[in-house]
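Notes to accompany the following structure.
Per-chain residue numbering starts at 1, and chain names A, B, C and D are given in the order in which the chains are listed.
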Amino acid sequence: MLPKLFFGYFAIVMIALSLAVITRRNPVHSVLWMLVLFFHIAGLYLFLNAEFLAAVQIILYAGAILVLFLFVIMMFNLKEELTAERFIGEWPIGVALGISILMLMFFSMSKITTGPPGQYTIEAIKAETHTKAIGKVLYTEYLFPFEIASLILLIAIVGAIVLAKKRG
Amino acid sequence: MQIGYPILSTVIFLPIFGALLILLIKRTNEGLVKWSALLISVVTFILSIPLFVSFDKTTAAMQFAETRDWVPSWGIKYALGVDGISVLFVLLSTLLTILCVTVSWNSIKDKVKEFYAALLLIEGAMVGVFCSLDLFLFYIFWEAMLIPMYLLIGVWGGPNRVYAAIKFFLYTLVGSLLMLVGIIVLYLGTGMSFDILKMMTTNYPYDIQLILFWAFFAAFAVKVPMWPMHTWLPDAHTEAPTAGSVILAGILIKMGAYGFLRFNMPLFPEAAKAMAPAMMILSVIAIIYGGIICLGQTDLKRLIAYSSVSHMGFVTLGIFALNTQGIQGGILQMINHGIITGALFLCVGMIYDRTHTRQISDYGGAATILPIYAAFFMVFTLASIGLPGTNGFVGEFLIILGGFAASKILGVLAATGIIIGAAYMLWLYQKMFFMETGSKVQGHNDIDAREILTLVPLIILVFWIGIYPNTFLSFMDASVQNLINRVNEAGLAQTAQQAVEVIK
Amino acid sequence: MVPLEWYIGLSAVIFIIGVAGFMIRKNIIIMLMSIELMLNAVNISLVAFSHYLQDLRGQVMVFFIITVAAAEAAIGLAILVSLFKNKAAVHTDEIIEMKG
Amino acid sequence: MDKYVLIPLLPLTAFVINIIFGKWIIKEKAHWIAILAVLGSFAIAVSAFLEVLSGKVINYDVYNWIVSGNFKVTVGFLIDQLTAIMLIVVTSVSLLVHIYSVGYMHGDGGYYRFFAYLSLFTFSMLMLVMGNNLLQLYFGWEAVGLCSYFLIGFWYEKKSAADAGKKAFIVNRFGDFGFGIGVIMIFLMLGSLHYTEIFGKIGTLQGQAINILGYNVDLITLIALLLFCGAVGKSAQIPLHVWLPDAMEGPTPVSALIHAATMVTAGVFMVARFNPIFNLSETAMNVVALTGAITSLFAATIALVQNDIKRIVAYSTVSQLGYMFLACGVGAYGAGIFHLYTHAYFKALLFLGAGSVMHAMAGELDIQKMGGLKKYMPVTYWTFLIASLSIAGIPGLAGFFSKDEILWLAYNHGTVGKIVWAMGTAVAALTAFYSFRIIFLAFHGTFRGTHEQEHHLHESPKAMTMPLMILAVGAVAAGWVGIPAALGGSNAIAHFFEPVLGHPHVTAAHEEEYMVMGISIAAAIGGIFVSWIFYSLKPEIPKNLAVKFKSIYTTLWNKYYVDELYDFIIVRPVKWTATNILVAVTDGKIIEGIVNGVPAAIRNFGERLRKLQTGYLQHYALSMALGVFVILTLVLIAKGR
């Protein structure tokens, strides 16, 4: 019962926070609400025995990406933003479409059938520690995608510099 | 008949590589661009001469054949070869390209290296079309040719060039797409093979033949162009630069008729036989219609373009007469038309370089100012109206003979085309060269040595074919006979096959 | 034990909120944030699957997604910066060069 | 290689040399090459003639021209009696005209060109008469037409000359159209185009009919008439006679050579050559005879009122050609060719004489503005007079014998023969009248031209009068080879032709022949007499007549309005169709409409579709979401089933 209650709290708060993120007029507020959301997601990860991911979530998302967002927002004229129209004229269509797709998703959820469980039981992970377990998988089975991921990051760095650099 | 190099591949790819090479030359160095284009085209022509010299005239089989696997999993091969029907076109292509290079020497001043590269690319693709023995390869060359031609018209053409280029492109593309569908059907019907020779010996059911016949017809009839798909031709010719018109008239529109001979007839013999009367009627309409409409033209190039419609009507008439004289005459007339109309466009280009007008009414009295030019133009005019002793006569006579043998009425109607032809060509000649000298003609120099040298090879061919056509007719004998046998016997073979099946 | 469906349902809701945010907001920054929302929603379901199927591959996937999200945010914001420099616009109704 | 090939080859060589080098190197010496070549041809032709005279017939192939399947044609030569006489006519007249032209064309800018064309013409004409197959005949046929085109339009700066050349070529093409189809029919029916094989097999077609648009037509008649079509065009018979009078725009030597002596007679030659075919069809023969007779009368009446000296002679040529066809039509091929042969000399003489007059008059052609030229140019006068007497049919001169032979044989050829004989005799009277009209108006009386013209009057140079005199001898003596038996001759020429052309056997008595002869002599003398009264004695009579019978006069003056008729029913409608229907409507609207209509519809659709492309990011996002929704729905429905 306790886990369900716990989950219920998380779920309600996270949905509320998400809605806040997309509805706030001031982008800074959105970012801040998002920060709170990310902490909650990290919490949910802990709840699911993914300690390493929880840490990454906070360090990377909360620490890096959101800060990046904030920096960019600082460059813009917030005053204008506060008076501008928030939503597009066709927003009800968007909402309706979103709800429709959501209905479809819920409808199809009943058809989910899970495959056979794998070898990484909670006990096994606990015995090996989560970080070590995920590291093992990452550097053996997923070595090649890992390298590619690093390449993507490299390209992102170069790209970001090229794009944001003043033309001259 | 052992030749040390794969001659067909060389003739196809030498100009293509040459074109790439030219693109690497520095833009400002126009002299080098021109000379290397000339060199490449001349070398290509020289390399293609063995086709003429060591061609074995006794067999209908494919000669100088080359076969390599290309995409084995899809049954695509790199197969080349020529027979008596196609060999002359290869030679004509390589010859005309040289003349196109020389005639454009001074008239193209803009984007020079791209122009010559496009010209050479077209040459390679054209030869490829005539040599391909694999339908896939054929289609690639067929479409590849379209792009540089489109550019030739669209970039170096006259004031209304974009419209003309797009019209040309759309027309041919629509036809080609229908053919593509046909090719895919054939591919499946031949057991996953694009081998043309294999298709030539396969008998398809009659209904399929009929559908495929029309699919291929769409592509080829547009190219020819048969009436009523001809309206792109005057626009394209009028707007194209001289070299473009020459290539267009000389080779490109021959591909349609060549396609009839290479695909429509041997692949779908029964359908071809059944559709022959319809084709002949369309041809005769083209002859007369194209001729009469010439009388109403005011634009020099447009008139010659419409005369092409009329002449190609003769060609298709001969081809679909389905007898030896008709088909041989048709093939010969294709060569003739390539020479004559090619030459006429060269001539028009030369005078256009001087006067910058295509309006017939602006001319007059040119024979006084440019006597040598007038003499050359006269010879081609006479060849165009089929005067005996010139090549035009041999072709037209054989076609009318063949056409008359197939259908008396159509033969007679086609013969009226000769009267009309004389009427419009002489009318044109009179307007351009006789009577008082027009103001725009005044004060120009006669054609120079370069231009004379451009026209002389064609003059020689005009009389060579006119006086001793057997040099060329003998190339086709075996292949044409083979084709006719195929068309005539296909029906029998099919019935025999059905009979065997019934017995089983 | 919380059923798997709950996690997926939560993930779906957040995903759709992200989608809706992307669709209805004019501000490009918010739109980029909506994308982050969607990615996180997917992450949640992946981690949940990983947990329930006792397979670490889901978490590895999340790891990659975070990487890509970081890259995406970097590039997206860089584009935004250069866009702002050029047009001083952060609203989508101000950027309609693609109008036919 | 043997000498006969050289007959056509020499002029061809001269042509090639002159046309290529004439402009820069040869220039004023062009005539040497041309004359030497024709002289060589003439010499060989004479030797060939002598061989034929001794009974030899030369027939051999040089090389295969066109071979296609079972169709095979060679270039080859046949020299029999018919060809031999033609060779003599062509080369001799050509030689004289060449010499004459040295004087006539002196100083013309296109001197080398003129001689080159003359050589080319001689070559073509020789190919025409020497060919041993139909296609080679056709080759020569078209090639002489081409030369005629070149030479009529020789002074191309003049619109009328350029028009006349074009008209000649195109009108001839109408005839050649029929001729070409005839050639093809012969090949399809008989499988060969060689004379020997055609004549050998033609009998097998007798009685066969062919179905044309539901009518059964006798095959041989059809073939014969198709061939005759060509002859009608080339020899300027009704209804294709319109080009010949206009052809007088060319230099006069050309008119003499091409439009009087040689090319225009090619039609007669062809009909005679194909006499085995014509003989098999009564209908075709009658058509030939009547066409000839009608043309003859028709042209003669027009000639009565014309004032242009060359046009009168041209109409007289048309008329005389009609005579020759008349002869062929009654089976008297030999007589026809005989007339062709004599006509070549006296008509060439008339033209060259007219040229000489023009030379003196500085290009003036109107006989009303001449008069009294006798004393200024005696050689021209006397030679012209001899030619006129010859053409009028005064006994003893060449024209008399050939004309008389034709009329006599026509008279003996049944009903049709009687009709054409009557017409022929009428024509004889008219011919005498208009020929002497020229004599009286131009050479007698007083000069009516301007002062400058009168001052300029002179006899022509030697190079021009020499040929006139030689031709005058021909105009007198050429007929002596055909003196009929009734006048104590042996009619040698008829016997000479008999192996090739046959000879109708006439059993009628000499008395009857004297009667026919007497009528035609009377007609000729009567014509001359009336002419003398009209134009020498009482010049006011013709003027009064012209006023009195105004409608007839204007009809004749306007040549029966045939040109206008053709212009109205053929030229204009075709041009109108070309510009107003084909260019404007069919090509411009219908085909282009369809062709441009489809892309236009597509573009229109595209224009509307483009509106969807708002450029608004969210709209794309919305449509993406919509797509996701639709696809998901479809997937779920598909899975649910």
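Note that in this section a contact is a pair of C-beta atoms (placed from the backbone, for glycine too) under 8 Å apart; a residue touches a chain by one contact, two chains touch by 3 or more.
Remember, predicted model here, so these are calculated numbers, not experimental data.
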item: Chain occupying the middle, per Cα centroid; value: B
item: Whole-Å separation of chain centres (CA-atom averages), chain C against chain D; value: 94
item: Euclidean distance of C-alpha centroids - chain A vs chain B, Å; value: 66
item: Gap in Å, rounded to a whole number, between the CA centres of chain C and chain A; value: 7
item: Separation of mean Cα positions, chain C and chain B [Å, integer]; value: 60
item: Where chain A touches two or more other chains, by residue; value: 88, 90, 94, 97-98, 101
item: Contacts with two or more other chains, residues of chain C listed in rising order; value: 19, 23-24, 26, 92-93
item: Two or more partner chains touched - positions in chain B; value: none
item: Each pair of chains that touches, named by its two labels; value: A-C, A-D, B-D, C-D
item: Residues of chain B touching chain D in the complex; value: 167, 170-171, 228, 230-232, 289, 292-297, 323-325, 328-329, 365, 367-368, 371, 375, 382, 387-389, 393-394, 397-398, 400-401, 404-405, 408, 411-412, 415-416, 418-419, 422-423, 426-427, 430, 433-437, 467-470, 473-474, 481
item: Residue ranges of chain C in contact with chain A within the complex; value: 1-2, 4-10, 12-14, 16-21, 23-27, 29-30, 32-34, 36-37, 40, 43-44, 47-57, 59-60, 62-64, 66-75, 77-82, 84-85, 90-93
item: Chain A partner contacts - residues on chain D that touch it in the complex; value: 616, 618-619, 621-622, 625-626, 628-629, 632-633, 636, 639
item: Complex contact set, residues of chain A against chain D; value: 88, 90, 93-94, 97-98, 100-101, 104, 107-108, 111
item: Sites on chain D touched by chain C in the complex; value: 610-618, 621-622, 625
